[in-house]
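Look at the two complexes coming up: chain A is in both, with chain B in one and chain C in the other.
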Partner chain A sequence: MLKYLLEKEFKQFFRNKALPKMAVIMPFMAILIFPLVANFEIKNISLAVVDNDKSSTSRELIQKVAAGGYFSISEVASTYTHALRSVELDKSDIIMEIPAHLERDLQREGSSEILISANAVSATKGGLGSAYLAGIIGDFNKEINGNISTVVADSFTITPRFWYNPRLLYTYFMVPALMVMVLAMVCGFLPALNIVGEKESGTIEQINVTPVTRLSFILSKLLPYWIIGFVVLTISFFAAWIAYGLTPAGNLGTIYLFAALFVLAFSGFGLVISNYATTLQQAMFMMFFFVLTFIFMSGLYTPVANMPRWAQNLSIISPLKYIIIVLRQVYLKGSTFTELLTPFWMLTAFAIFFNGWAVLSYRKKS
Partner chain B sequence: MGELNFKAVNVKSLAKNFGKVKQGGGGSGGGVAALGGLSFEVDRGEIFGVIGPDGAGKTTLFRILTTLLLPDSGEARVMGFDTVKDYREIRKIAGYMPGRFSLYQDLTVEENLKIFATLFNTTIEENYHLIRDIYEHLEPFKKRRAGALSGGMKQKLALSCALIHKPEVLFLDEPTTGIDPVSRKELWEMLRRLKKQGITIIVSTPYMDEASLCDRIALMQDGKFLRCDTPSAIIASFGKNLFSVKGDKMGAMLEGLRRVEGVSSCFAFGNSHHITAEKDNGTKSSLTVTSLKAHLESAGFTDVEVTEAEPTVEDCFMELLSK
Partner chain C sequence: MRAFRIFVQKEFFHIMRDRWTTLILLVLPILMIILFGFGITTEIRNTKFAVYEPSGDHTTRAIVNKLESSEYFILERYIKSEDEIEQLFRQGKTGFAVVFGKEQILLVADGTDPNTASILTNYATTLINSYLQESAPTATDAASRAITPEIRLLYNPTLKSAYNIVPGIMGMILMLICALMTSVSIAREKELGTMEVLLVSPMKPYLIILSKIVPYFTISVINYITILLLSVFVLKVPIAGSLVLLSGVSLLFIIVSLLIGIMISSLVDKQIVALLISGMLLMMPAVFLSGLMFPIESMPQVLQWFSHILPVKWFIIAVRNVMIKGLGFSSIIREVLILTGMGIAILIVSVKKFKYRLE
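This part shows the complex of A and B:
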C-alpha cells in the first residue's frame, strides 16, 4: 500500500513544473550565492574626499586609501557641504576632509587633524568603515613618521593565531549553516504544504474514505521529502567542496546522523502546522512566522552569545540552533559524536515533542 | 452487526452542531445545528434520495455516514457497522463521491483509477464490469490529466473511482450539480444499472425533478427531514388543490394572489405561479379555476390563464416549508 502511495507522491513531485528544478537550484543558490551576499565584511565603501590642502602629502594619503581595496572614491568635493550633499544623495558613505596646510602643519608641528564623518544609517558599515579608514590613516602616519624621524621599535608584537578557520573566512562560517537551511526547507516546509494542499483541494477526503491508515498516508508524505532532502544535502556538500574547497574536518557520517535526527524533528514541526492549517495561505504564514523566529534565535547570522540574556534563554526553542552548532563544529573543528551530546539530546527532545504534538493534535481534530 | 436483516443505513437521532454562531444567527445552544436529531433507514438495494436546498445539512449527513465526521450525539450504522467504532469496516464497503471534484488533477485518468483500485486492495480488471458503461466514455482520454477534463467527464471519473472496489453502499453527494442535462440523464441511467447490481445508492441533490427517479426520498431542510417516503406517497399526501397561474406582470401578480381570499400559499414555479388552496373537508373549495381568474381580472391583471395542476415533489416541498 505504502509503495503505491510513494509512487504517486514521486510521480506528482516530478510532474510538478517548479519543484524538481527548485530542489536542484536551491542548494546551489544557498551555497554559492548566499554566503557572498550575506557577508559582514565591509567592502566597496564609497568615499567622498574634500582635499583642502592639495599637497603631495594629501595626494599620497588619498592614493593610499583608494589603493587599499576597501574604499572607492565616489566624489572629490570642493567643500565639506558638497561632500555632505553627496552623502544625502546616498552616493557616498563616508567623508574624509583633509584640512588646509596639512603638509605644512605636519612638517612644522608634527601633527594635524583629519575629519572623518560617516553615514551611520547602517551602523555596521559606518562603524567598520570609519575604523578601517582610521587604520589606513594610522598606517600612513607611521610611514611619514618613518620618513621624517627614526623608527621606534614596538615593545610588544601581538600575533593572533586563528584556530579552525585560520583565514577568518566568513563563507566557512556560513556555508555549513546554510546547508541546514536548505534541509529545513525541503523536509519541513514541503511535506507540510503538500498535506495542506491535499486538504485544500479535497483529495484528502477521498483518501480518508479508503482503508489507507493515517500512518501510511503520513509516511507517504514524509519519506519522499526525506530522500529528496538528503540528496539535496549531498549536493550541498559537493557544492561547498567545489566552490570553496570546504570539506568537513570531522566525520561525514556524524553529519548525516544528526541531519536525520533534525529532519525527523523538523518534519514533525511541519506536521503540527499542517494539522492546524486548513489553507495553504495559513500554512505558509505560520511556517514563515516560526521559521523566521527559529532562524533569528539560531545564531545563523549573529552569535547567540551576542543576544540579551532573555533571548539567549529563549534560543533553546530553536531546533535550528542545535543542528547549526553540529554542522559548524563537525565541518570546521572536526568534533566527534561524544563532543556533541547536548545537541544530540536536544534534537531528540525536539523530535519527540513535535511528533508527539502532531499525533495528539491530529486526534483532537477529527 | 447483530441481526441478519440489517438495513443498508440505519440512523438514530443523529445530531451535529458546528462551532459558535457568528452574529445575528439565532439557533439553540449557541451552535449551528447542521443536523438536528435525524432518524431514518435505507433498505438494501434501493436508491434513496436526500433532497433539499443548499445548507440543508446534506453534506454533513454524508460525511458522518462515510466516517469523515464524528456526530455529536445519536448513532449511524452502514450495513450494520457503526460509523464511529467500526469506521475501518465501513471504509472497505462504502463508496463516496464528494460534491466537489476531489481526485488528483495532476494525475491522468488511468492513474487516478489505478491509485484508488490499489488503495482498496483490488485491480481495475477485477471490477471492470461495474464501471465499463461509465469508463467507456473516458477510455479515449485515459492518458489525459484529470484536471483537464470537462465537468461531466470529471463526474464520470469520480464515479468510476468510487465504484472501483465494488462497494455495497454508494454515497453520491450532489453528483448532478453543475453538469449539463445530457450528462445528468446519463448519470441517472447509470445509477439505475448499478441498482440492478445490488448496490444501495444514497444520493443527494438540490434538484426536485430528480426526486421521481429515486425509490424513496427525504425532503431535508435545516438539518431535519420534513418528510421521508416514496415520491408517489409524498405527492399523494399533498392534500390541497393546486392551480397554475400565468399572465402579464407576473411579479405584481404574486403579491395580488396572496391577497385573494382562500389562497393558502403562493410561490413562483418556473414561468408560472403555483397556488394552493384548502380542500374544505372534501367539498369543493371556494376557489375554482373560474373564481380565481375572476378575482385576478377584477384586480386589473390581463392575459390571465389559470389551470388546475398536478402536484409535484417541489410543490410538496414548498408546502412543507410554509408550515
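This part shows the complex of A and C:
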C-alpha cells in the first residue's frame, strides 16, 4: 500500500513545475546569497571630524584614525553643530571633536579631552565604533609618550586569540545554521503545506474513504520530503565547501544523525499544523508565527546567552536552537557525539512530543 | 453610500470569521516586538569566563577581580591547564578564557560567533588596561601625557538594541498587513470567481477595491497603535519627536503599502502567486535589506542599490529620524517625497492594469 502512495507523492512532486527547481535552488540561495546580507561586521564607519586645534598633533591624530581601517572620514566640519547635522542625516556615524589648544594643553598640563559623539541608534555600531575610536586614541597616547621617551611601565602585553574561526568570519557562523533553516523548510513546511493543499482541494476525502491507515498515509507524505531534505542538505555541504572552503571539523556522520533526528521532530511539528489548518493561507500564517518564534529563540543571529533570563528559559521550546548548536559545534569545533548529549536528548524529546501530538490530533473523519 | 457600507461590512466578516487569521493578525505585532526586542540583543552581559593562572600572584588576582566586578563577565572557574579550555569551549560551557603568562595576558575567545568574540576581547582589553593604568605608580603618570576620550552616545545613551528595531518592526508589520493581506484577499476573489459577482453589481469598481482595503487599513492602524504602546511601555523606547509627524508618515506608508497590495493583485490571479510575490519580493527584502537586522552598509553594493526601490527602507529611515532621533519635518522631506512619488507611480500602474471587464 505504502509503495503506491509513495509513488504517487514522488510523481506529484516531480511533475510540479516549481518544486523540484526550488529544492535545488534554495540551498544555493541560502548558502550563497544570504551570508552576504546577514552580515553584522562593522566596517566603514563614517566619521565627522571637528578640528578646533589645527595643530600638528591634531592632524597626526586624524591621520592615525583614518589609517586605522575602521573609519572613513566623511566630513570635516567647522563646528560641532554642523557635524551633528551630518549625523542627523545619516551621513556620518560618529563625531570626533578635538578641542582648541589640544597641543598646548598636552604640553603644559599633560592632558586634554576629546569628545566622541556616536550615533547609537544602532547599539552595535555606536558602541563598537566609539570603543574602536577610544582604542585608537589610547594607542596614540602611547605613541606621543614614546616620542618623548618616557617609559611607561606596561607590565603586560595583551594578546587576543580567536579559536575555531581565527579570521572571525561571520559567514562561518551563519552557514551551518542556514543549512538547518533549509532543512526545516523542506522537511517541515512542504509536507504540511502538501497535506493542507489536499484538504483545501478536497482530495483528502478520497484518501479518507480508502482502507489506507493513518500511519501509511502520513509516512507517504513525509518520506519523500525526508529523502529530498537529505539530498538538499548534502547539496548545502557542497555549496559551503565550494563557496567558502568550509568543511566540517567534526564527523559528517554525527551531522547526519542529528539532522535525521531534527527532521523527525520538525516534520512532526508540520503535521500538527496541518491537522489544525484548513486553508493554505491559515497554514502559512501559523507557520510564519511559530517559526519566527523558534528562530528568534534559537540563537541564529545572536547568542542565547546574551538574552534576558526569561527569554533564555523560554528558548528551550525551540527545536531549532539545539540543531543549530549541533551544526555549529560539529562544523567549527569538531565536537563529538558525547559532547552533544543535551541536544540529543532534547531533540529526541521534541520528536516524540510533536509526532505523538500529530498522531493524536489526526482525524480521518471530517 | 449604503451599498459601500455593506461591502465594507462583508469584508470585515470575511476577516473576522477566519478565527486563526484574525488572532494572528492582532497578536503578531505583540509577538514581534517581544521577540525582536529581547531576542535580537547585541548587549553582552554576564559572560562566563575561565582563568588559567599558573603563578597566581597578587596582580593576576586583582585583574580577575576587576573583570568579575564588571557587568560583562562572571567567573566560571579557575582551570588547571590550558588544555581544559578546549574542553570547555567544545562543550559550550564558556566562550572566553584568560590565560596569564609571564608579562603576557592571552585572551582566548571562541570565534564561532565572531561578533561576540570581538566585543568580549575589546571589553576585557579595556578593563585590563584601565586596571594597569590605575595600579601604575603615579610617578610615571606625571611624565606621561594623555588624551582622554569622552564618549557621548547620542539618541540611545544606554545602548539598547530596541531603539534600532522598533522602526523596523513597524515597517514589517504594516507591509505584511497592507500589502500581503490585501493582495491575497483580492486574488482569492479572482481565483474563486467571486470577483465576477462583485463586478456585475451596480457598485463602481474603484468602490469595490476601496471596500476591500478599508478593513486592512483599520487593522494596520490598530497595529500601529499597538506597536507604539508596546515600544513605549514595554521596550521603554520613548517617542523623541512629534507624535503627529510620526503618525502622518505612518499613514503615508500605510497608503503606499495598500496601493502595492492592489497593484500586485491586479497583476496576478492566483492566491499562491500573490502570496509568493508579496512574501519573496516585499517581506523578505523588508526584513533583510531595510537595516532592521543587519547594517545596510556592510552589504554588497548591488544589494544596497536594490534596497533603494523598497518603500519600507525610506519609511524606516523617516521613523528612525522622527521617533528615535527626535528630528523635525525638515529632516524627512526627502523620505516623504520619495514615498509620495512611489505611491503615485504605483497608483497609476494599478489603475491602468486593473481589469473590471469580464473576460
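Everything that follows uses one rule, which is that the second predicted complex is superposed on the first by the 319 of 366 C-alpha atoms of A that agree within 3 Å, B and C clash if a C-alpha of one lies under 4 Å from a C-alpha of the other, contacts with A are read in each partner's own complex, and residues count from 1 in each chain.
To be clear about the criterion, a contact is a pair of C-beta atoms (placed from the backbone, for glycine too) under 8 Å apart; a residue touches a chain by one contact, two chains touch by 3 or more.
All values reported here derive from a predicted model rather than from experimental measurement.
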First (chain B), second (chain C), both or neither touched by A:L133: second
Partner chain in contact with A:F289 - chain B first, chain C second, else both or neither: second
Partner chain(s) touched by A:Q63 [first = chain B, second = chain C, both, neither]: neither
First, second, both or neither for A:N145, with chain B first and chain C second: second
Contact breadth on chain A, by residue count: chain C or chain B: C
Partner chain in contact with A:S122 - chain B first, chain C second, else both or neither: second
Touched partner set for A:T247, first chain B, second chain C, both or neither: neither
Which superposed partner A:N313 touches (first chain B, second chain C, both, neither): neither
First (chain B), second (chain C), both or neither touched by A:T79: neither
Chain A residues contacted in one complex by chain B, in the other by chain C: none
Parts of chain B lying in touch with chain A, wherever the complex brings them together: 66-70, 88, 91-92, 94-96, 98, 100-107, 111, 115-116, 118-121, 161
Residues on chain C engaged by chain A in the complex (per definition of touch): 18, 20-21, 24, 27-28, 31-32, 35-36, 38-45, 47, 59, 89-92, 95, 103-119, 121-122, 124-126, 128-129, 132, 136-137, 140, 142-157, 159-161, 163-164, 184, 188, 271-272, 275, 288-289, 291, 293-295, 297-300, 303, 317, 320-321, 324-325, 327, 331
Residues of chain A touching chain C in the complex: 34, 36-44, 61, 87-90, 102, 106-107, 110-128, 130-131, 133-135, 137-138, 140-141, 144-145, 148, 150-166, 168-170, 172-173, 276-277, 280-282, 284-286, 288-289, 292-293, 296-297, 301-303, 305-308, 311, 325, 328-329, 332-335, 339
For the chain A and chain B complex, residues of the former touching the latter: 1, 4-5, 8, 11-12, 15-16, 201-203, 205-212, 366
